[in-house]
Amino acid sequence: MGLPDSCQDLSTEMEVDAFRRLFPLRFFERHLSESLRPDGRPLGKARDTNVNLGLVSSADGSALAKIGSTTMLAAIRMEVMTPSTDSPDEGCIAVEFHMPPICSPTVRPGRPADEAPVISKRLSDVISSCDMIDLKELCLVSGKAAWMGYLDIYCLDADGALFDAALLSAVAAFSNLQIPVVALNDNGRIVAINGDGEQENNASITEKEAVNKEKRKLTLKNIPFSLTCILHKKYILADPTAEEESIMDTLVTVVLDSSDQIVNFNKSGGSALVGSSAIKSCVELARKRGKELKQILGDMDID
Amino acid sequence: MAAKQRDAATTYSPRIIARTRPPIFKDSDLDWTRPDGRGFHQCRPALLQTGAVSSASGSAYAEFGNTKVIVSVFGPRESKKATSYSDVGRLNCNVSYTTFASPTLGSQGTDHKEYASMLHKALEGVIMMETFPKTTVDVFALVLESGGSDLPVVISCAGLALADAGIMMYDLITAVSVSCIGKRLMIDPVTEEEGCEDGSFMMTCMPSRSEITQLTITGEWTTPNINEAMQLCMDASSKLGDIMRDCLKQAASASDE
Amino acid sequence: MVGVSVGEQNFIKGGIAQDLRTDGRKRLTYRDIYLETGVIPQANGSARVRIGGTDVIASVKAEIGRPSSLQPDKGKVAVFIDCSPTAEPTFGGRGGEELSSELALALQVCLLGGKSGAGAGINLSSLLIKEGRVCWDLYIDGLVISSDGNLLDALGAAIKAALTNTAIPKVQVSAEVADDEQPEIDISDEEYQQFDTSSVPVIVTLTKVGNHYIVDATAEEESQMSSAVSISVNRAGHICGLTKRGGSGLDPSVILDMISVAKHVSETLMNNLDSKISAAEACEDES
């Protein structure tokens, strides 16, 4: 293969954009050798991140998270269900991650993206295993009624590190969640009580005691944060973009909780073998990133 | 575990859905105000923004009151399902709703085939299809939140996204709807108004050429009412067209700097 | 699609411009309409309409159903259209599906009126048997057997005739039952009720070819159209629905002009159809 040599020669005279397209790996490796990434970030730095709360008025809790241009919209709708017999005083959370065709050129209508169900499952595992929410708090009437929280996360713009952004938006949506005020009516159904108007509808339940007396928030006991890194040769790149993900394929995702315990660790495929020192550095990067994200979410709460 | 429960457990929303026509118009037409306090011939304030999705060729976000829509345009790119040669381009449209788009819709966040075909019809007349032979332009819309007049907002937003993508068009495209309740005509109706309307009128037009590319009327209408509705829509369209033009200019000047 | 040479195209367009179409009609003249009712014995009502080479069948089937919770005081109507591949080879597969759903949507818009039910051709409240519990569900099926243009008008006429032909059994609802249970119903074998179809609108499609518009276009003429507007008009002369096909835009004044022309044409069409329907009904009663 005479390719490496010829491209090295070419690289001096070829336009940067053309070189990036034709020899993406070489293009990146040239950058990496200078400890810099094409978008100007150092290797271990994540992109600008911000979170907005309560954008969807038809949901009970919602959040929009942006990491670089990766954008996630998460919303929670609370519905009432009959709890299962093995856990009569627990509610439930159902998580679903969607990648609509608007988010990326690779997703076409009618053919759901391959990664969507995988991320769905991982999110659902992380949220249930890290002890963030006490499902007992979702109980309304023991054995009769409990809350079912439908958490739907829509990817509006896919530019790498989808899991990180999805988890961040999910956590933010939970912090924004307001559990509605409800009461039990004569037919044994749970109905909402609106503070304003519609009194005639509620005539039959005004005497009944409200099951959930005031709007309340969930207590988030333990908050998970995650960081995805690319391992390529000796380099570790935090928070990859879609372009970087498509070129270098060894991804490691570390999920840490508030006390820096590892909740979930995932190395999906890729050709690179991971040494323990690399893993340690990934965890260290994730710990730093967790602090940043905590700060970002903390700023939100004050508002 | 949780995901499986979703199918098995039957859940219901505790919210009460109004089943009767709200007593907004009985005899006293005059002292009634719209749910959001607008005048009858006043549109909701429009927020438009281009470049919402970085990975698309062009995209736009539109927010009219509670109606929030993102449209991405991809292409012109290789046709996936086209089998035969075509010397004009193809247009492929898709409209879907999020599961939380509307409290009454339930958890069916699905494709809206009807809207997709209406969007296609509204756009095909304005795009210069001959400028991209053999290829397809994909227009995908996602309704984040449904607050009434969803289809007109989707169409206008798609027009902006197409312009952002640099697809050649004869003109910008704007869509406006009018609801008829009793004797009143209301422009840009919200969900509550659409739910109890006697007739609806949706018009898609090219504001600078003042040409109508798509028109749908339902319910019973007299000719004077149609005249009035058309005039209302034309005025609103030209205003919306100006807003869209400003939005595109701003985006262009921002990228120059 | 119809293959039309450049010469033929000019011939069609020129004829339309001079108010003399290839089959000798004027711009606003319909082809002869042949109408027959009661063609499908197992349906509650049916009709077949032939306009020139266009041949369609509509059938109405009524079933007992439950009103939707959003509109407990109304019955339900659904319109389905099937374009048989025998009518045209392009109807096979996806092409037929798209056209079918487009026609069904247009018919629904024309027949069912606004969300509140105003201007509806079929009074949905008359389909109610017991509020919130039992109602009639009407399934209107249209089948396109042969296609030579102007499908929508033909289907609209066939549905109007089929509804006139429809007889729904009288239903007795048994005495009060508990709130949650479905009441027992007794469907009569002898007594039938008929629909009042006087308010069902007719559909007039105006096809724009060149600078002029024509009614009842043939497939050849449709291949030359720039756009087409279908307008449904009821007996009172009110517009009950309007849809537009075809890519090119229209000036607002042209649309208003089309509406007034459609109103004018609809009067003759309505009278023509009514006499044909009553003749067909009388003929069926005799046989």
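For clarity, chains are labelled A, B and C in written order, and residue numbers in each chain start from 1.
Here, contacts are C-beta pairs under 8 Å (C-beta built on N, C-alpha and C of every residue); 3 or more make two chains touch, one makes a residue touch a chain.
Chain-to-protein mapping (UniProt): A = Ribosomal RNA-processing protein 43; C = Ribosomal RNA-processing protein 42.
All figures in this text were calculated on a predicted structure; none of them were measured in a lab.
Chemist: Supply the minimal count of touching-chain steps required to go from chain A to chain C.
Modeler: So the least number of steps between the two chains is 2.
Chemist: If I average the CA coordinates per chain, which chain comes out farthest from chain A?
Modeler: That would be chain C.
Chemist: Taking the mean of each chain's Cα atoms, which chain ends up nearest the overall Cα mean?
Modeler: B
Chemist: Measuring centre to centre with CA averages, how many angstrom lie between chain A and chain C?
Modeler: Distance between chain centres, rounded to whole Å: 50 Å.
Chemist: Which whole number of Å gives the spacing of the CA centres of chain B and chain C?
Modeler: Centre-to-centre distance between chain B and chain C: 28 Å.
Chemist: Which chain C residues qualify as touching chain B in the complex?
Modeler: Residues of chain C touching chain B: 69-70, 72, 98, 101-102, 105, 109, 112-116, 118-119, 227, 229, 234, 238-252, 255-256, 259-260, 263.
Chemist: Chain C touches which residues of chain B in the complex?
Modeler: 17, 19, 21, 104, 113-114, 117, 121, 124-126, 180-181, 194-200, 205-206, 209-223, 226-227, 230, 234
Chemist: Write out the stretch or stretches of chain B touching chain A in their complex.
Modeler: Its residues touching chain A are 1-3, 5-6, 9-16, 52-56, 59, 66, 68, 70-72, 74, 77, 80, 94, 96, 98-103, 107, 109, 111, 138, 140-142, 144-146.
Chemist: Please output the residues of chain A touching chain B within their complex, sorted ascending.
Modeler: Within the complex, chain A touches chain B at residues 55-59, 62, 69, 71, 73, 75, 77-82, 84, 92-96, 98, 100-105, 108-110, 120-121, 124, 128, 148, 150, 152, 154, 156-159, 180, 182, 189-192, 198, 201, 242.
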